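Reading through the structure tokens given below for one structure.
By letter and in written order, the chains are A, B, C and D; residue numbering begins at 1 in each of them.
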Amino acid sequence: MRILFLGDMVGRSGRTAVFDQLPGLISDHKLDFVIVNGENAAAGFGITGAIFQATIDAGADVVTTGNHVWDQKEALGVAAREDRFLRPGNYPPGTPGRGMGVYEARNGARVMVSNIMGRVFMHPDLDDPFACASAQLEGGALGSVFDAVVFDFHAEATSEKMCFGHFVDGQASLVVGTHTHMPTADHHIMEGGTAYMSDAGMCGDYNSSLGMDKEEPLNRFLTKVPKGRFEAADGPATLCGVCVETSDRTGLAEKIAPLRIGPRLSETMPEWW
Amino acid sequence: MRILFLGDMVGRSGRTAVFDQLPGLISDHKLDFVIVNGENAAAGFGITGAIFQATIDAGADVVTTGNHVWDQKEALGVAAREDRFLRPGNYPPGTPGRGMGVYEARNGARVMVSNIMGRVFMHPDLDDPFACASAQLEGGALGSVFDAVVFDFHAEATSEKMCFGHFVDGQASLVVGTHTHMPTADHHIMEGGTAYMSDAGMCGDYNSSLGMDKEEPLNRFLTKVPKGRFEAADGPATLCGVCVETSDRTGLAEKIAPLRIGPRLSETMPEWW
Amino acid sequence: MRILFLGDMVGRSGRTAVFDQLPGLISDHKLDFVIVNGENAAAGFGITGAIFQATIDAGADVVTTGNHVWDQKEALGVAAREDRFLRPGNYPPGTPGRGMGVYEARNGARVMVSNIMGRVFMHPDLDDPFACASAQLEGGALGSVFDAVVFDFHAEATSEKMCFGHFVDGQASLVVGTHTHMPTADHHIMEGGTAYMSDAGMCGDYNSSLGMDKEEPLNRFLTKVPKGRFEAADGPATLCGVCVETSDRTGLAEKIAPLRIGPRLSETMPEWW
Amino acid sequence: MRILFLGDMVGRSGRTAVFDQLPGLISDHKLDFVIVNGENAAAGFGITGAIFQATIDAGADVVTTGNHVWDQKEALGVAAREDRFLRPGNYPPGTPGRGMGVYEARNGARVMVSNIMGRVFMHPDLDDPFACASAQLEGGALGSVFDAVVFDFHAEATSEKMCFGHFVDGQASLVVGTHTHMPTADHHIMEGGTAYMSDAGMCGDYNSSLGMDKEEPLNRFLTKVPKGRFEAADGPATLCGVCVETSDRTGLAEKIAPLRIGPRLSETMPEWW
């Protein structure tokens, strides 16, 4: 089956690009399943119920998040209410919402999606991401119970990302990192058959600092005096993500390729689409 | 002119790949100037005098480093002695060696190379990287005094890397990040004409954790009990880096493209080579 | 001469306690010079012009700050306008205000006061605190140009605090840490004659988390879901600080003792007052 | 009952002071139970089997540790073998040794001792310290199953320490922090009856950086070039710790006082001893 994952939508520029282009991508390329990270969709900080719904309406099967998940208070309600909304699964017991779900794809396949946060350079007070993944994977095996298993591993450090990839290698179709907002060029299929890419990048304006207007971030580096708030950059967005083709039999990855559509970065689409 | 930058060589696997392939790349593609980051060349930790010399002998004009620069004690002597060896320029006054140099390229051009370290998630006790770059750039302007200016910005956080790129945009030919050991796919020419890529990636074995054998790093994530030392992975290496073509008139970038040669990652060479 | 330093006033509880008790302390114990850290005086976050003025009116000769200095925007104006207001001296060049000043004490003595921030576990983008102190100390020597020299070293890590103390030992009357809001019991006179205490503690409600109402900080540790803002605790405050007696001849410390007045902690006053 | 807790013994100086003085303290002051933190006892890094045994022989009922627990490899064996050796309880499942134990005091009382590590500014990959304490406390209640409950909370940040104290307030006799190696002066009995002190300080040479010879730590702050290893300071040590008197009926604290014996810091003993 054919899966598309899109990195963090940042602000109006990023989410509009996704809403405009995702329906066409799905129909043109017969995508079976789509996951979009939405943690920065609302002006760069969190996500609202309306944006979540618009993302689903545009064709996303699941919206994942990360450390910014609760930046908009209403996300607590969205998480509690919506099965297709995931927050990091290694938040403490009692956190609203869920970190993992099982969904039916357009082709009828059963897809498990998990959103987990890394700890290095991030919040130090999260549960063990490796133990979290282990527990989740006990719920059913790839190739039998699940036709595909996808991890959105929201983390900063490449060491933790790579080790996480090796850790679930052979038990997942795809491990894709998010959070750095910078697409990596290390997409490949690991020894055990799991497709891996350290970071999907963001869907946003790349003439920026991580999708945010570059003026204030740069000011904070240069002076110690805040001049204003961080605001999402409003130039044209580039969609960034990753595509995998999985084996119907094993659920493992047969192909992986990046997707980049928009100005500024070099554009690319899977040649096998 | 044509410049090649290769990311951190990691261990024997990485440095051997560079020593074997760099001479051919230089002659086949008429490279005018080559920079190689060597901070992990000696078994993953630092660099020796012999490895430095072998890198120069293979055709590198400059060897840059980063936080691992002093892991091998003899590097202090190398830094003090060798003009073509750079350590981060924002180390405190009195640190042996230099963080910036001006070199003559094969085509006779004058190239300024600077090695600076970021601070976010890194050593908190470095001088301001932005102020360091400002001071260095006062030494002469791109397009008049210098035919090319290259920054190896050794840093963890993409926000700091992007802001640094914007900061020197228009005054440098290339800003390339190192340290995460993961090539990014965000190579582009910024508004002011400076080529930018968040991270060059490493020259090393990508079936690993950052070029190190994955067993012990993974063990440290899974248990809190060290089982052994970190050792460089010894599988076949992939060369990762970035190539720019600069304007002879302005010194700014006209083209940028990644280079990836070896197993596991998708291979790529500048189509304009 | 007799110097009193009071740690970070936190919120209304902390500042009211200082305003109420400082005039009596000054007159009862013939204090020659008083320094108060005010970075948390305004509801726990920053300081306003009115609070600054009230602190001076209560008898403080200098108000120091720390990482919270700009939490209230009007502090930028206060810093620019008021000689008796200090912000960390190792902020980048161009930052409003000053990090060091020279003041006349009640007894006519000349006192240099410096406010410097540490880097470990703190903002990674500050200038070198050690180099900052070196440069400041070149302005004049203790015992000749200055009758007393006091450093408020605003830092998290005890290693950095102790090393800073050793670094200026013999050149300062007092090095006192702030920022952890917890008084330490390690006040002593170092080998070179400088009085040292790792942290002055805070002037605030100790039935709290660092002077803030404990409910929300504890909630953040227990869940990943913010329930509200951080608010200053409003129980009765304890004054915490440190007192030194310096030699009129050398400016070095002859005596050091903690001061703790209020409920909850064990009360103490210099027995030599 | 009467409990003494001594902070991290650092190197030969620290451990010798404990071995020499602890037997006399126990007999002179009729101490019912003694806990000593030993994570830095072996030259500043970890602890050996012989040092563990000598600490027990000197009268310690339990030896706690912290982030340095595995610095000496043989500690893995000690942890596996010795009931009286504790390592942080929130290390991942499968870690050798235990984080909590129940012991019989000299007066026949049942004492639960727990060693837990904080996460802020520390290892980001530990299990939740609050959840760990909760689970441990479900094993039996203070005042019924246990006559005393003591937590050695090994942590950097005072916010986390205070919040941990509030969290178990009423369920423990004593929460004492370790790790900063600097005794705090905030010992008090919290609202619920639990005695609390942010940090016990260390047993070591205070003319130092955290008990280590100050030369190399200071060098690292001043230059970025290591000159040598960190070595334990060898000047005379000061014992630092905290004493509590608990209610035989409730197990809660009735009195708390610091203990400091040795040169440099102000000496103090419980006046009620």
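Keep in mind that, in the parts below, contacts are C-beta pairs under 8 Å (C-beta built on N, C-alpha and C of every residue); 3 or more make two chains touch, one makes a residue touch a chain.
Composition by chain, UniProt nomenclature: A, B, C, D = YmdB family metallophosphoesterase.
Here the structure is a predicted model, which means the values were calculated and not measured.
Student: For the interfaces B-C and C-D, which has the higher count of C-beta pairs in contact?
Tutor: When the contacts at B-C and C-D are counted, C-D has more.
Student: Could you give the separation in Å between the centres of subunit B and subunit C, each centre being the mean of its C-alpha atoms?
Tutor: Going by mean C-alpha positions, subunit B sits 43 Å from subunit C.
Student: How many angstrom between the C-alpha centroids of subunit D and subunit C?
Tutor: 29
Student: Would you pick out the residues of subunit C that each touch at least 2 other chains?
Tutor: Each of 92, 121, 123, 125, 221-222 in subunit C touches at least two other chains.
Student: How would one label the connectivity among the chains shown: line, ring, star, complete, or other?
Tutor: Basically all the chains touch each other, so complete.
Student: For the complex, which residues does subunit A have touching subunit D?
Tutor: The touching residues are 92-93, 119-125, 127-128, 131.
Student: Would you tell me which residues of subunit A are touching subunit B in their complex?
Tutor: The touching residues are 121, 130, 156-160, 162-164, 166-167, 180-188, 190-191, 198-199, 201, 206-210, 214, 217-218, 221-222, 258, 260, 264-266, 268.
Student: Using the touch rule from the top, collect the residues of subunit D that touch subunit B in their complex.
Tutor: For this pair, the touching residues of subunit D are 70, 76, 88, 91-92, 94-96, 123, 125-126, 221-226.
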